[in-house]
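Here come two complexes built around chain A, the first alongside chain B, the second alongside chain C.
Entry: the complex of A and B
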């Protein structure tokens, strides 16, 4: 079985919490993190969100770090460039490489740190959402946000059949591998082509079968979606408000502070 | 009462393949029907016709005596009453969670939210999947998916349930659970129609069998009638059921007698009993045809249970005063099959019954009972083919306890009683924790005397 992010979200104990609460937390984190002018607030948000995801949401720490590594790697290369090539003022570090002078200035470093912390906080917020809220919980949210019904129904069906076709693709690939379909580059190309075309035909057929299955259970053009009622508990509300307030306070008091 | 009927039904696919030709069937309410035939013999197409999904080019289908109409309102009625479970569960389960999939049918019938919820809870509880209701289908095993598919159809409370190859791709335990479920639905009055190429299944499970071959109906009747016809089976590309085949072989060698077409292994074992003859010294004055009471025997003379009361019919008297008699045995302390209804379950009671009732063998039928036993650490000796195995143990003089619930209690009771009646071998059968149920404590043995022979 393949383990995708959605599988961890399905197993997370935070899955059964109110979806709107989780969305509010994420949205708040994103907005405050991006609008903050010092790197301290975003770092605080990133720390809080990571703690919630790993400790309360029971996401495996190793997986979480691995997931963070990819975007942080990207952000880091960008940040290095910003640090060297922007800003003015006091020089903190300077050296010469192959005749070219390189120097890091105070302003540049400040900006670089801000960018890094902002992107980190954004990533942590989004990972919090994707590791605690599986797709199947989000359908109700989509519905409540007045998106067209057919779009939601389509996305529900697509979600279900992603896994059917994933299984199908993997078994086809396996069948091809055991008959040496991927033994060299040319064969790999033709094998992957066959896989694609077979998958297309299968999905076409599956559509027919799906219609048949829905029809035989009195389908009348509408899939009813039942939202599970999940009241926000007092403890959750309290924790969230505490988090919001401390983040806002931090935001306010650190707005003119520079750490370099 | 006939619930579904077809008259010279004909259907040809757009590409010219004739899938169903001139089929006449009458399906009676509350029966278990099996359509048996090779792959591609037209079973699946026939099912889609019965459900109103396909429209026949010729002939008609009648539901409760009224011909199918193909406008959308009538079709809704038919599809509500005739539920169909497809062979591949992935074709049928399309919603992102188990709950939503099972709720799909009832919601389409326009039920209120509360009623839909009640239907879904009931259906999921029935198939033993309440705990998995928020799972996405790709996290389920094949057997669980099948049960979700069945629950999805059950939630609409159809009168007829059609299952296309219900046991394909299932392991033996999973298959057994599905068959238990079907028996239970049947017990509550649903008519069940399955298609299969498993002759053993059709033979032991169904009340009535239709044989299909090359899109035509080539035979029908009770399983005993249909599977006797070797030629017919050959024509359909099928073989005889194993039980029947073994029986015929034993019969040909003169080792079995009397019984017609044993369906289960206990039935088969029962046919092995040869005519019970014995040399006995008889007092003068006894004549051929007289009945003798030989009293109670035990040890090597008691063949079927530890103690037996034996009556004998004198067949022939030898001049030297000895006679050949045919023995009729009646077990006194035979084994028994006790049923325990887990709807009123209490662990201390079960433990007491097991220890004090000298229960040597415990089985469980149905998901609910199995889960209960597992939770409370009751050791189960058997979880598949429970009734058959319990009967076999009872025949060996052991006492068995079967934990089960709901309609399966009565089903098991009926099956076991039928066996006792048919075989003439007496053993205790009953439900222990029910009003007027049978006693589970052994009555103290009367002093049994042996008779000198």
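Entry: the complex of A and C
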């Protein structure tokens, strides 16, 4: 639970590749995935991104599969609703449950599969980014993208403190658990309330200390970052453009294909 | 209540970005003004953001068996007001998408709208209204957080129903039928969860009032007299 994806990103060999290249690949995948009209292109993108993450990025395969399974739950509920209630074409499956008729129509199923595949491709793209690119590298990109200064500053500080507080929350939670703080429902409610308030008070004090520490080091509202210059190699460029071209070609040729 | 990456089709994810971005810009503007006025507020905002993230990654004990997590933005809305919570919420949602794969990039606009804008605004309105009626402070916090959660969940259902109306084309009847279905399915987890989060938030404020009430007075959440009265009754 405490394992944040960032830990794996720090160890990934793809960490040392050009950030802009990785970001372009991810954005391309997201946009093509979400605008495709057949499930084939998103599945192709999902496959490519998974391969890159696991084979080139050395993410543990078991962890990767576990990660993919986790958010599928929400996607699945939504998809089931879409499959059952949208569409108007031919019925392919219908039954009655507790007096209510349920039926899956052909175009409803088509839409549900499309949405599921889009979700899957989006998740694979996101995981590619988060398993190969540590947040620290992305801050330099954010700076260069001219977003409001205060927003970036705030994100960097939040990023730093997430780790401090996660550690704190985990140790408090262990301490509460060994004292049977979560042994029944009422107790867990009060334990989690205590945990939250302690966290809140401690984080507030930490904020005060942080301000003092930064002020005494001449903080003037700007933190300068060092961006490592990483040229894109020809092989990478070639592979990326091959991937882009094949995805676009697939997108074009499967435009009107339906699989149901 | 995050909407997954890739779940919203083309016209809708852009539309929700278009709705959310002006609000976030307004929030940033407001935050800049606050930071210029009181420079020590920036680190405080940062730890508040981290606090929201950590709180939302803790699992709540849930009655229905499914583990769910609090949104945490309700507390931020009560302390900092809705505009700044929108900015904090956006950053936290971005991190959740990156670190935990909750939500995503294309659906960020929709998620920010439901969790960073509608939720905190509802919390804030209920909180302000409740404080006027001289209800018990903890009861008000409970109600505000619970209503904020419900507002978030209704908004998410609206977003999904607009994108996937029953019958394919967007008509009012189709929208309503599909809205009812999404709302009904999510109600199983969201109705009890909101009550839980309300209870946890009220407990949280109770401990904070008991241990370090000067924070709340300083942020003008509570007046001194109210704090003294609360401590008198709860001690």
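As a working rule, the second predicted complex is superposed on the first by the 205 of 260 C-alpha atoms of A that agree within 3 Å, B and C clash if a C-alpha of one lies under 4 Å from a C-alpha of the other, contacts with A are read in each partner's own complex, and residues count from 1 in each chain.
Just so we're on the same page, a contact is a pair of C-beta atoms (placed from the backbone, for glycine too) under 8 Å apart; a residue touches a chain by one contact, two chains touch by 3 or more.
None of the values given here were measured: they were computed from a predicted structure.
K.L.:
Touching A:188 in the superposition: chain B (first), chain C (second), both, neither?
P.N.:
In the superposed model, A:188 contacts chain C only, not chain B.
K.L.:
For A:78, select first, second, both or neither according to whether it touches chain B, chain C, the two together, or no partner.
P.N.:
Only chain C is touched by A:78; chain B is not.
K.L.:
Scan A:214 for contacts with chain B and chain C and give back first, second, both or neither.
P.N.:
Both partners, chain B and chain C.
K.L.:
Determine, under the contact definition given at the top, whether A:126 touches first (chain B), second (chain C), both, or neither.
P.N.:
second
K.L.:
First (chain B), second (chain C), both or neither: which does A:63 touch?
P.N.:
neither
K.L.:
Now for A:164: first (chain B), second (chain C), both, or neither, which partner does it touch?
P.N.:
A:164 sits against chain B and chain C alike.
K.L.:
Mind working out whether A:206 is in touch with chain B, chain C, both or neither, as first, second, both or neither?
P.N.:
Touch status of A:206: both partners.
K.L.:
After the superposition on A, what does A:115 contact: first (chain B), second (chain C), both or neither?
P.N.:
Touch status of A:115: second partner only.
K.L.:
With both structures superposed, pick whichever of chain B and chain C touches the larger number of chain A residues.
P.N.:
Between chain B and chain C, C touches the greater number of residues in chain A.
K.L.:
Regarding the shared-chain residue A:151, is it in contact with chain B (first), chain C (second), both, or neither?
P.N.:
A:151 contacts chain C only, not chain B.
K.L.:
Can you list the residues of chain A that meet both chain B and chain C?
P.N.:
Common to the two interfaces on chain A: residues 135, 157, 159-161, 164, 206, 210, 214.
K.L.:
Where on chain B does chain A make contact in their complex?
P.N.:
These residues of chain B touch chain A: 48, 51, 53, 76, 79-80, 83-84, 86, 88, 90-97, 99-100, 103-105, 107-109, 113, 116-117, 134-139, 152-153, 156.
K.L.:
Which part of chain C faces chain A closely enough to touch in the complex?
P.N.:
2, 4-10, 13, 28, 31-32, 35, 39-40, 42-51, 53-55, 57-58, 60-61, 63, 75, 87-88, 91-92, 94-95, 97-102, 104-106, 160, 164-168, 177-178, 181-182, 185, 196, 199-208, 211-212, 215
K.L.:
So in the complex, which bits of chain A are touching chain C?
P.N.:
Its residues touching chain C are 1, 4-6, 27, 30-31, 33-35, 42, 67, 70-71, 74-75, 77-78, 81-82, 85-88, 107, 111, 115, 118-123, 125-127, 129-130, 135, 148, 150-151, 153-155, 157-162, 164-166, 169, 173, 182, 185, 188-190, 192-201, 203-204, 206-208, 210-211, 214, 221.
K.L.:
Per the contact definition, I'd like the list of chain A residues that touch chain B in the complex.
P.N.:
Those in contact with chain B are residues 7, 10, 134-136, 139, 156-157, 159-161, 163-164, 167, 206, 209-210, 212-220, 222-226.
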